[in-house]
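These are the structures in question, set out in turn.
Two complexes, one shared chain (subunit A), two partners (subunit B, subunit C).
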Partner chain A sequence: MIGFLLRRALWFAFTLWAVATLAFFLMRAAPGGPFTAERSVPPSVELALRARYHLDWPMWKQYLSYIGPLELGSRGAFTGDGTQTFGGVLAGDFGPSFKYRDFSVNDVLAQSLPVSLGLGLTALFFAIVIGVSAGVLCALYPRGKIDFGVRLLATAGVAIPNFVLASMLILLFVFLLPLLPVAGWGTLQHSILPAAALGAPVAAYIARLVRAGLFDALAQDYVRTAIAKGMPTHIVVLRHALRAGILPVVSYLGPATAAILTGSLVIEKIFFIPGTGQHFVNSALNRDYTLAMGVTILYTGLVFFLNTVVDVIYTLLDPRIPLEEA
Partner chain B sequence: MSAELRQRWDLPGAPMEAMLVKLDRQRGQSLWKIAAQRLRADRAARFSLWFLLFLCGASLIAPALPLPSPIAMHVDLEPLGPQVSWPTAGTRKFEREYWRLSALDEQLVSLRQLAFKEWQTGPILGTDSKGRDLLSRLVWGSRTSLFVALAAAVTSLVIGVLYGALAGLCGGRIDRLMMRVVDGLYALPFTFVVIFVLGLLSTTKSVAGISREAVFILAIGALYWLTMARVVRGQVLSLKQAEFVLAARAQGASTAWILFKHVVPNVASVVIVYLTLTVPSVILSEAFLSFLGLGVEAPKVSWGVLAVEAIEAASPLRVYWWLILFPSLAIAVVLLALNILGDGLRDALDPRTDVGGVPR
Partner chain C sequence: MAPAAALLAGIGWAMAVASQSHRPPADFTFNNNSEVSTLDPASVSSVPEGRILRGLYEGLVIRDPKTFAILPGAAESWEVSDDGLRYTFHLRPSQVWSNGDPLTAEDFVSSFRRVLTPTTASPFADFLDAVVGAEDFQAGRGPGGNANWDSVGIRAPDALTLEIELGSARPYFLQLLATTALLPVHMKTLREMQARFPGSWNAEWLKPENLVTNGPYTLASRRINDRIRLERNPRYWDVDHVAFRTIDALAVEHWGTALNLYLTGGCDWLDGSVPPLYVGKLRDREDFRLGNSPYLGLYFYRINCTQPPFDDARVRRALSIAINRDVICEKLLKAGQEPCYTFVPWGKLGPYESPLAEEQTLARARRLLLDAGYSAERPLPRFTVHYNTAESHRDIAEYVASVWRLALFADVGFANQEWKVWLDSQNRLDYQISRSSWIADYPDASSFLGIFTSDNPNNRTGWKNASFDSLMMRSDRELDPQRRAQLLAQAERILLDEMPAIPLYSYVSQNLVNPRLGGFFSNPLGEQNPKFWYFKSDDELWQDRRKRVGAMEIVEARGPAAGLYSKAAESGAR
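Right, the complex of A and B next:
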């Protein structure tokens, strides 16, 4: 277990480094810079701006100063007015944002990340509760109307993209039946529609997994024994079968979190939610070098970390499965 | 001995002939024939297949259909709802306004002008906030969406099959190394990298001589080749040790014969199934990226572009429900059909399902 975690940690560090390096040089290689879009900037001002953010440095120097807390210039790396020093990514400092002049990337992320995480967790919770209960219902009443209905909904749920679902939900619950607010963030009502739209495809997939897992488990000998002892069906399903049937769901939680994080880019745009997703797309468009890198590194790290957590939980739940090398 | 029995036991009699003929027929039952039979028995999959073929046909000949121009704007008018009195001849005359079309499409448009003159359909599905015809935009958008999906799926197919087959054929240490790389890439959230790259490129026309649309297709294709590589590698590995391959080799079959007669057909079935299941994911990705503004460029339309336009046009004061409903419906129905067809194909091509029987 410790060996596995160590290997994962090494791989994690390597992945983050690779992504950061790739992103850094891709950004610099892409045409246009953070200050070329502004029309009214005279050349002298642009030069000053570039000097302020050390964009006039040679590439290797910029790269080193971005990665580590190295003393490379008289004013320190990336610092604008000399009051703050920029520590570099290794020190957990993503530097000043190029577009939001008075904010550091860390400030921007600290403001928006809780919103995105809140939305994502709500959606994940919604998806697990709905998905698992739907799957269990199928197993309790196999090949009945409920089973058929759940399978139909699950197929549809996997096929319908979440932004389509979001627009349908808006049509239904905002315009036809004015129950919920269309956009914004802050109250419980605000989070219902986005969380539902974000979680629905995941819920559909989980329902399919649970159904298949339970049907598999119900054919096992120990379940037959439990039934032969005269145990009521619902107890057999909930106590014996569910324990094995839920395992595929646990291993799916890694991809599920990635799907929810990706989906939230779109959902945040539709519902005007001030999360990290908007920065992800806009910063790359705006050539806000530091912010774009920060968000990319953050999301990559988040997905990788959650995948590892899921792998560990999986082995804890089912000791028969060895931890795979990553 | 009765006549009937004598007939049954007589060797040169008719029944034996019939049996031989029957045997002869049975020998022709290849995997593909069985699969086609099973697919024909699967009503949902068959229906999906016809629907998808119809859609592809319609989007192919779209320039020759009597549709209004997909980009001719009439901003003076409020968006019109769907006009149910069908067939409606448009009150407007046809305007020949498109983005840069290929030579073949130009020919088709000319053909359309010859056949239908100035006549065009009315706003059957309504018009959008700039007065453009929604039906026309949907049909033209399907061209983009389906083309990008197919091209990206084929890209992932080529990369995945080459990589997986190479790993499977080499085996041993090379195989282990190649698969370790795939495992490592799995842990990487590729979508974010692709969004990042497309965001960087969104203002540029071409990269190193490759147009932005091609980069877009390559980027989406790169998202999906990992699973394909794994699937193909596993199949090739198990085929290398399969008994029928050994038998063929023992009978003196050449490597080329074994490759094309035994390995390729067996890998092909898996690849086709996976391809059918990849196309919907790719359509989804295309719509998703277009939605974020990273997809096709402005005058061109795709279904993702239509979906985002609809949401941008929605306001609490006026609801243009048709703008949201019809593109969403188009995406959902096509994805559903592709998923059903993929599931059906998987069942039909699965050699473990009972031969001759209807699967499941």
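Right, the complex of A and C next:
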């Protein structure tokens, strides 16, 4: 287990480095820059701005100063006329944002990440509760009306994009039945519609996985034995079959988290939620080099970490699966 | 079970963090369209920042929200010498900053000095370039080879007097002083933050807990992509005339979301360009009708004048004449935009009137093209129309291209690019015809015509004309409004003869605004001063509705029925 985690940590570091490096050079290869605007600034002002953010340095120097806490010039990095050097990613300092000039990237992420995590976790919770219950219902009453209905809904849930679902939910629960706030963030009511819209496709997928997993498990010998012993069906399903049947769901949680994180940018826009998802897209469009880098590195780390957690949970649920192959 | 518990705990934690920042709704909430990029007056220009900055700070003079006439701000009076070169401002006595420090003329001197200092990198330093010595100071030139502030004509002979000396007269200098770029900042805080946070003072001095301002409101809180909360500044000299105790500025970018919020009472005012799809639904509502009026913005196509065949003015004019702007405004946009044939939108601005555009007939367009050597037999070489990715730009480009194809036998292609790529191509003159727009910096014709001077970074057409440049320079120094208008008209005549760009339509401001909001005027700069806003009482609302001509659909006027208005308004002083 410890060896596995160590190896994972090494890969983690390598992945982060590779992603950061690629993103760094890709961002700067895109046409236009952070100070390109419809009202052009005088050339002298643009020079001063570029100097302030060290965009006048050669690329390798910018890269090194971004990555690590290196002393690279007497003129302090990112400070205008101060002397302190910008910390660099290795020191946990993502630098100042180019677009939100009154904030550092660390500030921006600290403000928005709890919001996105709150939204994502609520959506995930919603998806798991609905998805697993629906899947279990199907397994309890196979090939009946409930099974058919759930499968229909699940297919629809996977097929309908979340922004369409969001619009339908708004129409239904805000304008037809005025129950919930239409947009914004801050209270539990605010999170219901966006979490449902974000979690629905995941719930649909989970329902299908659970159903298939349970059907599989119900055909196993140990389940047949349990039924033959005279154990009631619902106990067999919930206690014995579900443990094996839920395994595909656990391995799906990694990709599901990624889907929720990246899917949240549309939902955040529609429901006006100040999360990280919007920065993911907008920072690239704004050529906000530092913020784009920060969000990319953060998401890489997050997805990698969650996948590792899923792998560990996987072996805990089913000891037959060795960690190495997970 | 453990993962489920962890998940629930996570949700609980995130919700707790999220609700910490949740506050009860403000007295007044509006949508500011996007997140402001900074609250530093020296570095921002756009409309969203302007609304917040006007709430937080007050300059020497301010603009009347309805007429744009100059009103006293931090200065209660001023004198201008007859030659227009010397301005003397008298500050209100016993005026203070939000932290209690006295506001003095020296604050304005140091703020203006900051704008002119090269490391500030203010895009608006040129607003002050008429001031004696300012250009030298900015360029680091001086008597001894060094930048010398003493030779710049901005002085404070005493705490309440500010003198500004210009090298050459600027007829619109007071209007420049009323822009957000020249608002005063509290230099003491700025220096303190520089000492305390050498690495991040740029951000620290603008945080709600540190920012010191002199306007009707102070900054209470700020969350990116969410809202900025303003709170009435009890130390503001005119606080009795400020009605709302709190104002929230939302940063909703998605128009549909903003509309949803407006319709469910989440905000009381939103503006921005309404998608044509919605215009029909909103047209008859009183809250939409009242908010529509001319806006000082021009939608036009830049032409790259450095390449054949567009280096020939006749070709450029032919392209312009062939376009039927009525179709664009009535069939594509629908919200009251006005066809435009001149370089100053709406064809007039204050005392200025644009010269008449040439006759717009297809025969004339073909004639011009024939003169340039192109006809059905010898068509124009293939060219592309370049625009930034957006549905409305695509629709207009497709229409314009179809006209050029059918009427002028041109072979036209399209190139759409993402915003920054599009800007970059335009800057490098890597286009043939490119969609553009321009919004006035200040209400004066020179704000539009000036971008076509040879050395203006916003020219971006490669077009240069010496007599145009000299006319613009002379108009900048001409104090007599009549003669100045003539000079500007001559300059615009040259533009119309040369057509380095094709004007298409003039903008309208499109507001959806709670009928109860008073002190709000839909104006050609989209400029609002939060100081003047208040809620009308039922009585006043009824009076206003009665005065109105024409039938409109009455909508709910949210807000306290007894109004929420300034003390002065209550005593009938308004």
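Throughout what follows, the second predicted complex is superposed on the first by the 314 of 326 C-alpha atoms of A that agree within 3 Å, B and C clash if a C-alpha of one lies under 4 Å from a C-alpha of the other, contacts with A are read in each partner's own complex, and residues count from 1 in each chain.
Everything below uses one rule, namely that contacts are C-beta pairs under 8 Å (C-beta built on N, C-alpha and C of every residue); 3 or more make two chains touch, one makes a residue touch a chain.
Just so it is clear, the model here is predicted, and its values are computed rather than measured.
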| Put the two structures on top of each other at subunit A: do subunit B and subunit C fit, or clash? | clash
| field | Per-residue touch tally on subunit A - higher for subunit B or for subunit C | value | C
| message | According to the stated criteria, A:156 is in contact with first (subunit B), second (subunit C), both, or neither; which is it? | response | first
| query | Given the touch rule stated above, what does A:307 touch, subunit B (first), subunit C (second), both, or neither? | reply | first
| query | Taking the superposition as given, does A:15 touch the first partner, subunit B, the second, subunit C, both, or neither? | reply | first
| task | Answer with first, second, both or neither: which of subunit B and subunit C does A:221 touch in the superposed model? | result | neither
| Is A:27 touching the first partner subunit B, the second partner subunit C, both, or neither of them? | first
| task | Mind working out whether A:45 is in touch with subunit B, subunit C, both or neither, as first, second, both or neither? | result | second
| said: Which partner chains sit in contact with A:96 here, subunit B, subunit C, both or neither? Use first/second/both/neither. | reply: second
| query | Is A:285 contacted by the first partner subunit B, the second partner subunit C, both or neither? | reply | both
| task | Return first, second, both or neither, reflecting whether A:274 touches subunit B, subunit C, both chains, or no partner chain. | result | second
| query | For subunit C, which of the listed stretches 59-67, 131-139, 275-283 or 293-301 runs into subunit B? | reply | 275-283
| task | Determine where on subunit A the residues touched by subunit B overlap those touched by subunit C, and list them. | result | 30-32, 170, 175, 182, 269-270, 285, 287
| remark: Per the touch rule, the subunit C residues reaching subunit A in their complex are 3-4, 7-8, 10-11, 13-15, 17-19, 21-22, 35, 37-40, 43, 45, 118-123, 125-126, 138-139, 194, 198-203, 206-207, 222-226, 250, 252-254, 256-257, 260-261, 263-264, 266, 418-421, 423-425, 427, 436-438, 441, 457-458, 460
| request: Provide the residue numbers of subunit A that touch subunit C in the complex, in ascending order. | output: 30-33, 36-45, 48-49, 52, 76, 78-84, 86, 96, 99-104, 107-108, 111-112, 114-115, 117-119, 121-122, 124-125, 128, 170, 174-175, 178, 181-188, 191, 269-272, 274-275, 278-279, 285-287, 313
| field | Sites on subunit A touched by subunit B in the complex | value | 11, 15, 19, 22-23, 26-27, 30-32, 155-156, 158-161, 163-164, 167-168, 170-171, 175, 182, 258, 261-262, 265-266, 269-270, 280-281, 283-285, 287, 292, 296, 299-300, 303-304, 307, 325-326
| query | subunit A touches which residues of subunit B in the complex? | reply | 183-184, 187-189, 191-193, 195-197, 199-204, 280, 284, 287-288, 291-294, 307-308, 310-311, 314, 316, 319, 321, 324-325, 328, 331-332, 335-336, 339-340
